[in-house]
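I'd like to ask you about the structure that follows.
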């Protein structure tokens, strides 16, 4: 189990930085079209924010935002958004992942529809990556020692 | 002149008393909960105490709006694309952050007037930079000399600061200044590693602490004693 | 949407694996039905695809609507179509079969098991269907990662075997990626057909030579060719029985398929067999693999481990058969990919039933099983006969073609290896059958008092038995209709040499 | 492609790779691996691959290191080679 | 074992370097990699997808299926980790005696 | 000669890095060390791909300079930008790398739970014993 640290400096800075980290992650995610960045980077930065909260305030407190169940849920939903957009294109009569077909629904021209499709996909990717990274973190950090021995010597 | 001072002092005294009462109530609360439940939720409770302040002072909604506005400013700073689509996205994202993390940014800021705090903080930065430059020169002069007359030691002092933000500001200012590093803060006691006697002395004069206290509108130790006296006087008068 | 059948084959298991944890949240039992449902839809789509290929020729499906060298393209020809049907059918059978054994072995994590199971199937399908070198790598990684997880949940010692598999598998995948990079840097393209068109002018470049070497050695690790097979026996022995029934037949066969694809569709056979000595190397590697696999299998006391070494030997058949480089041998090799997948899945599911019933998988545990489980053991006999190569079963025909091919090519060592391995299979399986009938005089102290117990029918549950018997029937059917499979499907896949 | 800068970065990458593999304290090894990833990321920025550098910095030097630290905290910190 | 792996590593290294010698020079703007497929992306990205960042448009649109696969890889890793490390509920192993 | 070295040294660098990683993966006995070697190995391949994307002579990041609002092909000078395709491929490879890392660490933790050691030879000893 991760306990919270005693250090007031770490705690306060984590508290103050967290909204900015999330804001930056969302910026990276949404501006993937115009500047470096995109779904993966955004998702990983989001996950890093939660990891920061987790190591400074402890697992218990982080669960206000991100529990193991939420993480699982989001990882499914995120990937499903991606696959679902592809299926939507299929239903609209295009090939799989042919975002140009979304222009029929969105009411913009094909290039814009592709741009929006990319954005939607990136959001899905970001959700999935964030959730999976959190899952990996939770799973590895909360792995209990089953056979009763003391795990870790530090 | 003295009358205004006295009035100010009494006002301050009221605030202190009010705070003491709140504090006592909080303590009582904690004690009750302690006895009610068993002990092993201690960690959680400490965390809760850390965030309890803001939720009493400000409503959630104000916090959300505040966070959103700050995040939107941050977004504009980063973005550089100002068409309607991206601004809407920016607003949505900052609103999301505002809703999710409304109690992180503003928790525990003791005094409501953010404008004053921000102004003073900006005014503090040049002074800090000056200190950093001075200390840099000092440390460089120490290190350049072949004998290296350094005298490293750990000094401790009890700080009179009250909130976490001011603790952290002071700690980071100390760390930013070359020659001194904050190692730990335990219950208001700073453990600072100092490289030489001069930097330790500089720290012990307490100027930096006063300035940090001034930023966050905490008790200025120039007249804290007076205020306490006035408070005692006032209490005696009321009885 | 009949035109979209190729993508549906892959996307249905993919998306249902995303939804599987959500459905498992509602009810833990539904995950199983969900997996079976989506895999059967996928199998239908695969059959539809195969039918389209047979009637209308090769399908090209452009993902995202982009032209081939720029976007990713799915190409389904006869070989692909056959592999698609094979993979979906085996995955479906194993999914149906897995219910009871998963409940017994990993009872508390069934939902995640089926999620990873579906992802594993998706990985295999994606590898088979794609026409893009890098896309193949991505799906190879999906399949590998899912495989690591499925193996590591097995019995005691599985994580250690898995770790070895992870290290070796990563080396293999990275070598493959490196080979793709070398090809990319001299051609600038990743599409298989495009590379096929661009490469002939570059055949004397050292880069292409190195690329071939790295691609093939990477795939050799994945397919467990003899010197680098060390990860396989431990991993497949200790995996949970339904996981080993899915992975053991498919992972090596898929890698073999990729090898065939790389040699014939990315490079042209002229490069592979005339300019470079790849053919000869492959034949000798095959010979060594067959002999080593057979000898090692002979030495095993554990049924599953014995099957693993047989898999190693069978990989040698296909590699050697492709290396013989004549029409007959390649036909035999491709038919053997198909046959071997079916035979192996049959035998591993029998092993799974034995594990389900007795809790162990040593050879000794087969004692008296013919009396207890006649149907299961008849499926076992069919599989064993097929591995040995007895005529009505499918194993005979592919071995026959391989033998013919070897004689045509004049590779007598390969002929000898084939015959020796058949002989060894006879010894191995008749020993098992002997134990199963109880003729064998081994008096194990543990089993002695069991022998006194009255022998009664104790057949496996229906959900395990039906898939196993279906597979056994399939072995016979493929054997009976092998001529049609070869003339209708495999003949198109064999290049003109 | 500024040659001296490139060479210096490659040198650092090499040093970090060798150090990460030879250090006996696994925690230090993992931290050095983080530094390795970071130098890699600088190298790629210098080769105009900003997106890859960004991803490497966040994924490999960030989350990867944290995961390794987690695994080490659950297992042993010393290694025999 | 160490010796064997050293030999293998050296062999692989020799093969790698041998392969690189036939490659186009580093940074050659006329190499096949720079002239065959990638100019299309650079020229058409704005027209086709209205996205100035070519890496994003290739990642999510031209080769979007790769990215779906890659996200699935991540998803697989997450699910595998849960499958491996989830706390087991206590349940009795009934061995057939 | 010097020119020759300049134009190939990058490939050799990656080959050397790959050998380091490969050696670490095969010869080190500690499992975490093997994982570290794996990481080095995989990132050397990324190094190779990224090297192939460089074009000599002041190339920039593949983000097209454009007039805001207008889109359409307006004569992009291809030689001005780096090749984007290897970047995309390597984004995928990096993600695969971290996914493999996660699974490998999980398996290492499982092994530690069972045998209380991460040294390969000790694990093999433990397995022999029972």
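Order of writing sets the labels: A, B, C, D, E and F. Residues in every chain begin at 1.
The criterion applied here is as follows: a contact is a pair of C-beta atoms (placed from the backbone, for glycine too) under 8 Å apart; a residue touches a chain by one contact, two chains touch by 3 or more.
Owing to the predicted nature of the structure, the values given are computational and were not obtained by experimental measurement.
Asks: Out of D-F and A-F, which chain pair has the most contact pairs?
Replies: Per the contact counts, D-F leads.
Asks: From the C-alpha centres, identify the chain that is farthest from chain B.
Replies: Farthest by centroid: C.
Asks: What is the distance, in whole Å, between the centres of chain D and chain E, each centre taken as the mean of its C-alpha atoms?
Replies: From the centre of chain D to the centre of chain E is 18 Å.
Asks: Hey, how far is the Cα centre of chain C from the one of chain E, in Å?
Replies: Computed from C-alpha means, the inter-chain centre distance equals 23 Å.
Asks: For chain B and chain C, let me know how many angstrom lie between their CA-based centres, rounded off.
Replies: 65
Asks: Mind pulling the chain A residues that touch 2 or more other chains?
Replies: Chain A, residues with two or more chain partners: 34-36, 38, 40, 72, 75-76, 79, 83, 86, 96-97, 99, 111, 129, 136, 139-140, 143, 145-146, 151.
Asks: What are the residue numbers in chain C that touch two or more other chains?
Replies: Those would be 14, 18, 21, 63-64, 134, 138, 141, 145, 148-149, 152, 178, 184-185, 190.
Asks: Indicate the residues of chain F shared as contacts by at least two other chains.
Replies: In chain F, residues 6, 10, 16, 22-23, 51-54, 56, 61-63, 71, 85-87, 89, 91-92, 95-96, 98-100, 102-103, 105-110, 112, 114 touch at least two other chains, as defined above.
Asks: Which positions of chain E touch chain C when the two form their complex?
Replies: Those residues of chain E that touch chain C are 15-16, 18-24, 31-38, 40-41, 61-66, 68-70, 72-73, 75-77, 79-84, 86, 88-89, 91, 95-96.
Asks: Give the list of chain E residues in touch with chain A in this complex.
Replies: So the residues of chain E touching chain A come out as 47-53, 55-57, 59-61, 64-65, 67-68, 71-72, 74-75, 77-79, 81-82, 84-88.
Asks: Could you pull out which chain A residues touch chain F in their complex?
Replies: On the chain A side, the touching residues are 34-36, 40, 111, 129, 136, 139-140, 143, 145-147, 149, 151.
Asks: Mind listing the chain C positions that touch chain F in their complex?
Replies: Result: residues 134, 138, 141, 145, 148-149, 152, 156-157, 159-160, 162-163, 166-167, 170-171, 174, 177-178, 181, 184-185, 190 of chain C touch chain F.
Asks: Taking the touch rule as given, give the residues of chain A at its contact with chain D in the complex, in rising order.
Replies: Per the stated touch rule, the residues are 36-38, 40-41, 44-45, 47-48, 51, 133, 136-137, 140-141, 143, 145, 151-154.
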